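Listed below are the structures to be examined.
Consider the two complexes below, in which chain A is the common component and chain B and chain C are the respective partners.
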Partner chain A sequence: MQKVFNNKMAIFLFVFPGILLFSLTFLVPIVLSAYYSFRDTLSPGTPSAFIGFANYTQLLFHDSRFWLALRNAVLLGLGFILIQHPIAIFFAIMLDRLGGKAEKWFRTIFFIPCVISVVVISKMWLSLLDPTFGAFNKMLDSLGLGMLKHAWLGDSSTALISMLFILIWAGFGWGLLFYYAGLKGIPDDLYEAASLDGASGFRLHWRITVPLLSPVITVQITLAMITALKQMETVFLTTNGGPGDSTQFLAVYLYNKAFSASQYGYANAISILFIIVCLLATYISNKLTRSDATEF
Partner chain B sequence: MTKSTKTILWVFFLIVALVQLFPLIWLIDFSFLSSNEFYSSSVLKWPSDPQWQNYINAWVDGKFLRYFINSAFVTSVTILLTVILSLTLGYAFTRMQWKLRPIFFTIILLGIMIPIHATLLPNFAIFKALGLTNSYLGLILPYTAVSVPLGTFILTGFMRSIPKAMEESAVVDGANIYRIVFQIIAPLTAPALVTVIVTTFLNCWNEFIMASTFLSKDALKTLPFSVMNFAGQYSSDYGSQFAVMVLTSIPAIVIYAIFNEQITKGVTAGAVKG
Partner chain C sequence: MVMNAKSTRNILLVTALAAVSVLSACGGGNDKNNNAGSSTNGGTTGSADKEVTLRLFSNLPDRKSGQGLAEQMVIDNYIKANPNVKIDIETLAEEPFKNKLKAYMASNEALDVTMVHGGAELNTLVQAGYVKELDPKEYEGDTYKFLPGVYKSFTFNDKLYGLPRNSDYEVIYYNKKLFDDNGIKIPTTYAELLEAGKQFRAKGIEPMSMNGKDLWSFAAFFQDLVVRLTGDQNLMLDAVAKKKNFTGDENFTKAAELLAQARDTKLFQESFMTADYGASQNLFTQGRAAMWYMGSWEAGMATNDKLPEDFRNNVNVLKFPVVEGGKGKDTDLLAWNGGGYSLVSNSKHPEEAKKFFDYMMSADQWAKIVWDTGAAVPAQKYELTGKESELQKQLTEVLTGATSTAGSIALDSGTPKFKDDAQNAFGKFFAGGSTPEQLLADLQKAAETQ
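== the complex of A and B ==
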């Protein structure tokens, strides 16, 4: 058996292609990105001057957009954790209780938004929230709440919260599915034992379901922060960071710096800081949430 | 749970499902309207004269078939490569014994945390220099590289739960390592493989930002561009824009409807055992 598991040729054939591809399209580009980030480059491949850490000092100390983009990611992540996840857990529990054919049907329906392309989602919500013909404002009108009508994505006071709403709509199904999957792993006899002790309803779930789901919850919280940080396409296709940077995110910012503002070197510096932020966020949320969690 | 609580729950879910699907219902409804009907005050509107022309515009001017074929090709090759690479990597990381294993495993897992957007700029420069922009390969390579880390992560989690006795008896029967991986381990990891296939499918099929950065040649564009092409050309013809959005959504929904059961099983198996 050892001979089979030690087969050097097989190990090489199994590992090399994947590592090679991953290095060439992931790791080498990042090194190149780091190289460009020290240069004053306008577009890829143009000769340029070495300017040391100038891009980084500019970004960290003189660029309020960078910090706004980070703040927005944190707010969005908190929105996911405080709004989307409790709802997803609630629905997962209810779905699990429902049972039978209905359980399957609703599980299927709730996931449908997750399979729709981000381009469609963005353009659709742009129309739904349109101030003149959008269904959202029309609905407010028909409910007699016309005074709340708004250019939801066009007003800097409501743009970020509208974005959160769109992203929760689009991602709710994934959260639900993961919590649902976690629930299915909890043995039924635990519930039976607890109900014999007199626990029921909300208390039963608060005492049993939530603690036993904690491994899933910790993973999901980490994922929520990363998802918030990585936000790009929906923003890019709806508000493009505006109005007035109220929906600015790092990925959108670096994309526009590189391809619209022709500050390729600067954009690469954002890229490198972006990677560092993502790795830090993963590390921190792992440290914060993993301490009492069991191996999952 | 009593029968009446069940009924209340059922009705509650039905209402929530309708609210959740409302944007899509609205999209379909308005795709049958002519643009001057958009501004009426009603939220939903029965199309008195369904505008099938919107769908003809969507199909023809959205270049639906061309883009659909491109998407199907890029996505299938990516899925195939992702499955093979994740399976072999996953096996090497869980079962094979070699010195650099922990280092390489960490490197691959970095791929889950590093945002693809950060590789966008340098890859654009590299692909341009290599002539990979405007080629299928220019999408397939980064799509695969992005999908392999998650695929490997899901599969290693799953493979750890497979008893080694499986391989031991295969070795006794004279199977070599390649047969073990592809004929014994691969079928055993089927539920996890389905998760890998589905997540890879959804990510690649709907991917937009890399495609829009690396492709400018019309003949190679993928399905999301059907929608993008419309924004300028038909900027005031909302009916046709909505029709192309409906058309673009149909293939993914159909695939999902077919594989729905396996998706849930796969995620369940992946999440619980992973």
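== the complex of A and C ==
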């Protein structure tokens, strides 16, 4: 075995297929995308002209829809981090404490939304939030809160908040699973020692669970930002960025620009900026949450 | 970790299952109905002709009723007459269809015949060289019987790139029973329409169903209002072509104000901004909305036995009502030829494809079949058979009684970018409550930057 790994030819043979696949499916499309982002095309396949940075200047300085889409993505990311994750951690702790059969049961139940197809989730929420026959409005009615009834996804004043709610709900199970797995890795004797020292309840978790979970939290925050930025399916299937632009997200906007508005070059410029934003978000979230690995 | 054989086997099994279900999810849906028609040629190998498989891409996923059935019947007829030909149909619903066609165009996918939308959509296909030029002279005469002027949205730089399949025009379908039962007058003026809307709403019935998520219906509704106000079919098309301005024109301002009235009196169903085509249709066909603003291509509703009988007996057609003080008549029809078929340039069997295409477009195939089955109003001359549904008769009356037609829907007369921007402006107007002035300013900007 040792001999094989010393042979440069062998290393090349093992690595080459991977590199080739990576280049063809990843690097080449990005390079092509960058190339088209400098061109003015009516639609894929049509003749195009080189227009330099025109697409980018238009995007960055004259396109309020782009900024709106970016703002919504950032809001969603913050929603994930500030709302979804604390709840997920809380439930993970509760779940961990539960033990036995009940633990398995609840673990499954919490994870169900994650295994349901996005299409089903989208249609389900469209129905639940429907102003005429939706269960949500009916529930408000029966609680005597009829005046709060609303076309939740159909009104631009509530569409974004409803959308964020759906997305946070749908992704909850993943967050829970990660934190739960992380919790399982924390040795019990740490808690025992801490409770002997007089810590309990919230303090116990704040001092022990959260710091020891920090590697998981770091990864989760990065993942949350990326998930938020590339959010596409649920939005596309429920509101398609509408009404107006109130639930516009980067990936949906990019898709519509390419395929509905036939602005192929422009859409490619968005995709390049999209990559840059994703890289930036990863870098920043890594920077902010960086901590030395905790030893225990 | 050491695993025993059993658990390894289980994991493999689960993985394989997952892989298979993912694969089938990818392949399913689009082309499930494909082989219904094409399998008939299995036994006939005696023919001297070479076996050919043609690929047809269509926006009619429902192969059991309406236009999808008509299309399937044409294909079945062709296969019967040409046993050496197999036809693979891929179908997708409207919006996904448009998007996938562009993806096909980009990758130069070798289809043979494709459904196309006239106007801007077809124009991009033409500019990419994806569709073939046709010779209009070939389609003159009695084999085809095309009505005059129907090539307009299929012609670019005086060259023809496709043939229309239908005469499309906007009407208001209404459920007569709901009007009668509630003692509401069938509207002939816009004020009456809004009034009827208020009365229906008071009774807990949705007045008019609208596919607000798709957005294009708003633009058609607006164009109808402009024509009713001015009697000028070209005003809005001129504004899109930048020969006129949307802003600072009293007719456009008035039309936008009328549009705002529809919004503010809640003429459309409550969830109209999240309703796509199917959702808006369901609401109407289930008798929960009194009216549906939609095109003549829905003539098949009256004969579709999947819909409740009660509904089929009560669906009627209403011309878009006149506007008080407007110069337009109710016979000024927002009519155009939207859908059609084109030959794809890089077809692998160009001759066979052309043969099939010509067969399909001949007057006794598509045109006759859609009319006989009550699926749509063709773009070719058709004979009344006497077996028409009441709805078809009414639709024919609307078309033959038209004193002027638009020729094109304004949204499709600009570039796709204009369409996207304009639709967005209407979306903002209806959901966000922007003012009529803002709507017109947005439309103006969309026309200028297209």
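By our rule, the second predicted complex is superposed on the first by the 283 of 296 C-alpha atoms of A that agree within 3 Å, B and C clash if a C-alpha of one lies under 4 Å from a C-alpha of the other, contacts with A are read in each partner's own complex, and residues count from 1 in each chain.
Everything that follows uses one rule, which is that a contact is a pair of C-beta atoms (placed from the backbone, for glycine too) under 8 Å apart; a residue touches a chain by one contact, two chains touch by 3 or more.
Note that this is a predicted model, so its numbers are computed, not measured.
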item: Touched partner set for A:229, first chain B, second chain C, both or neither; value: first
item: Contacts of A:147 with chain B and chain C, given as first, second, both or neither; value: neither
item: Partner chain in contact with A:196 - chain B first, chain C second, else both or neither; value: neither
item: Which of chain B and chain C A:243 touches, first, second, both or neither; value: second
item: Which superposed partner A:132 touches (first chain B, second chain C, both, neither); value: both
item: If touched residues of chain A are counted for chain B and for chain C, the larger one; value: B
item: Partner chain in contact with A:46 - chain B first, chain C second, else both or neither; value: second
item: Contacts on chain A seen with chain B and repeated with chain C across the two complexes; value: 44-45, 132, 258-259, 264
item: Interfacial residue positions of chain C with respect to chain A in the complex; value: 98-99, 102-103, 105-106, 108, 124, 127-130, 206, 212-213, 215, 269-274, 415-417, 419-421, 424, 427-428, 430-434
item: Chain A partner contacts - residues on chain B that touch it in the complex; value: 1, 6, 9-10, 12-13, 16-17, 20-24, 26-27, 30, 38-39, 41-44, 85-86, 88-89, 91-92, 95-98, 104, 107-108, 110-111, 113-126, 128-129, 141-142, 144-146, 148-149, 152, 164, 167-168, 171, 176-178, 180-181, 202, 205-206, 208-209, 213, 223-224, 227-228, 231, 238, 241-242, 245, 248-249, 252-253, 255-257, 260-261, 263-264, 267-268, 270-272, 274
item: Residues of chain A defined as touching chain C within the complex; value: 42-47, 65, 126, 130-132, 151, 153-156, 159, 238-240, 242-246, 256-264
item: Sites on chain A touched by chain B in the complex; value: 1-2, 4-8, 10-11, 13-15, 17-19, 21-22, 24-30, 32-33, 36, 44-45, 91, 94-95, 97-98, 102, 104, 106-120, 123-125, 127-128, 132-133, 135, 138-139, 141-142, 169, 172, 177-178, 180-182, 184-185, 216, 226, 229-230, 232-233, 236-237, 250-251, 254-255, 258-259, 264, 267-268, 271-272, 274-275, 278-279, 282, 296
